[in-house]
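See structure below.
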Amino acid sequence: AGTQLCNSLGVTEFVGTSVGDTIGLVIASVDPMLVDVMKLGKYRSIGIIGGRTGAGPQIMAVDDAVKATNTEVISIELPRDTKGGAGHGDLIYIGAEDVSDARRAVEIALASLPKYFGDVYGSEAGHLEFQYSARASQCLEKAFGSPLGKAFGMTCAGPAAIGTVLADVAVKAANVDVVCYSSPGNGGTSFSNEVILIFTGDSGAVRQAVRAARAVGLKLLGALGSEPKSTTHPYI
Amino acid sequence: AGTQLCNSLGVTEFVGTSVGDTIGLVIASVDPMLVDVMKLGKYRSIGIIGGRTGAGPQIMAVDDAVKATNTEVISIELPRDTKGGAGHGDLIYIGAEDVSDARRAVEIALASLPKYFGDVYGSEAGHLEFQYSARASQCLEKAFGSPLGKAFGMTCAGPAAIGTVLADVAVKAANVDVVCYSSPGNGGTSFSNEVILIFTGDSGAVRQAVRAARAVGLKLLGALGSEPKSTTHPYI
Amino acid sequence: AGTQLCNSLGVTEFVGTSVGDTIGLVIASVDPMLVDVMKLGKYRSIGIIGGRTGAGPQIMAVDDAVKATNTEVISIELPRDTKGGAGHGDLIYIGAEDVSDARRAVEIALASLPKYFGDVYGSEAGHLEFQYSARASQCLEKAFGSPLGKAFGMTCAGPAAIGTVLADVAVKAANVDVVCYSSPGNGGTSFSNEVILIFTGDSGAVRQAVRAARAVGLKLLGALGSEPKSTTHPYI
């Protein structure tokens, strides 16, 4: 479950792989025939992060990557995936003036990914996901409308019913403001079996809200099956 | 595959679990910040039924529950799930003036669930689902537009091709009226690999139509793999 | 993984089965109550092809079938499926004046299917799909808008990130014209975890573009897990 950065494949686009069947790629100059259909705007050099499982972890990791490099998030798409699980995969395009910046952003994202899988917990019955950032950057703003530079919190669970209770627990646990709420038939989840709450506020309050929801989520998902396990190591 | 009602978890929202990785929950008073985004209307006390597999069984079980309690179905959402299978999961919110009514409705739904998984048949190739009610109540009306107080019949199969034939077999087998037809690209299935037919009519005719489709469905799904098995015990 | 044509089931609608949990069926005369909801237009006799895995292979196989018979494709629907994989299933209706024509078309499609699974490659991490036709017929036109009678090429991969690079590799490898590009949040994929490129041009150029993408795709998907394997035998 670690990150591999190497280029022994002989494919110039390849950067590396990481947790969640995630692959990192770059295209130095996207063919002109594809620029419009891919909605790349002004960019021709792009980094690509995509996985079978996740979305939250990859979005957090790319948020770190764009903070640290001269790049911008172009788009974030959320397929219905997780290899038979209740959630998403992801496809994120990162734009740069120079391909070396795109490559550096992809490397940073792949390296950050194991951290952000730390509060993704799974069992045979479903999964829980929690994310926290003291200071949201452009990827979190683009994905969820979370305010730039403010604290970011996320609670998520599948089956969705558990996610509903976690949303309520989080907002009651601390003085936070709701940024968005997504449910299977209510926009934003690509029909995944999840309820997702995004919130902001004082960073201490946001972290407290996330932790309160995590404590309840581990019990509720545990009631449906075995004890949920972290994918890597909890970080919040 | 039975129902568990207990509250040794120490989570006040927890009611119990049942077949299909289904969990039953209540929130005594949903936080005011969530009432609008959750589209709860006038309700603050809610019951929640959600599972990884199903939709039909949970909708039937909640239909029983709202008949028997002073509650109302607020919403029914259908994620694309079944843990790698061809169908749905579900997320149902039930509203009540008093949380004890919401809890009672959730308990009744969880207890009814094994019955309504009885005509859900599975194999490694796909699944069949049949439901029948002599008298549809508010959950069946809300989910499918089935007329209140009239008989309700449902045929469903994945892969969807089998569901198409079952729809035709059902309407030819008895004098029934089509309420709705859903297919993967035609609304109502969240891109599940199913064709679903809902019909009404005289209760004897509806049951006859369901049984005729069931006999054909078991043969067709059986042609793709092993003999389809009931999840619990057939009830129709 | 072969095709079975037989009718020992005692179900008149049954034609046979093939790769991808695909079943072939016919209805001699669809019940009048279903003709409108199924959007059959002028047809009453229909052939049905539907599977849990695929879409590309079944669309190619039906393209062959309508070329060879007096039939027309009515509709192509793409559920999100592949039994926990990253892609689609499919549901295709074929119309005919006479049920014997519909049955013949379904038989041809089932028999062609193993060929078109030949350039579908899978591993535990995802899949690759490549298709090529020197001369597109009505099913490819209806599914993708590919010009009738012209060469047809398709590259596809899940996770979608790999599909993005394959699209770029294909259009750079030869002088081809883009027909359509599909990504998870960009139309056409039912939220599958795939990027799909359809292109046309001189038949030699189209084949060259497909082969160049295939060579890269096998390396990139291989970087995420074990060596991807053909479902049957490569044909391009």
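Order of writing sets the labels: A, B and C. Residues in every chain begin at 1.
Everything that follows uses one rule, which is that a residue touches a chain if its C-beta (ideal position, glycine included) is under 8 Å from a C-beta of that chain, and two chains touch if they have at least 3 such contacts.
These numbers were taken from a predicted model, which means no experiment stands behind them.
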How would the chain A/chain C interface be labelled, same or different, where same requires over half of its residue numbers to be shared? different
To lay chain B over its twin chain C by CA atoms, how big a turn is needed, in degrees to the nearest 5? 120
Taking the mean of the C-alpha atoms as each chain's centre, how many Å separate chain A from chain C? 31
Quick check: what residues of chain B touch more than one other chain, meaning two or more? 80, 83-84, 191
What residues of chain C sit close enough to touch chain B in their complex? 9-11, 13-14, 17, 21-25, 27, 30-31, 33-34, 37-39, 48-52, 75, 77-81, 83-84, 89, 91, 93, 190-191
If we count contacts the way the header does, which residues on chain C are in touch with chain A in the complex? 80, 83-86, 125-126, 158-162, 164-165, 167-169, 171-172, 177-178, 180-181, 183-186, 189, 191-195, 216, 219-220, 222-225
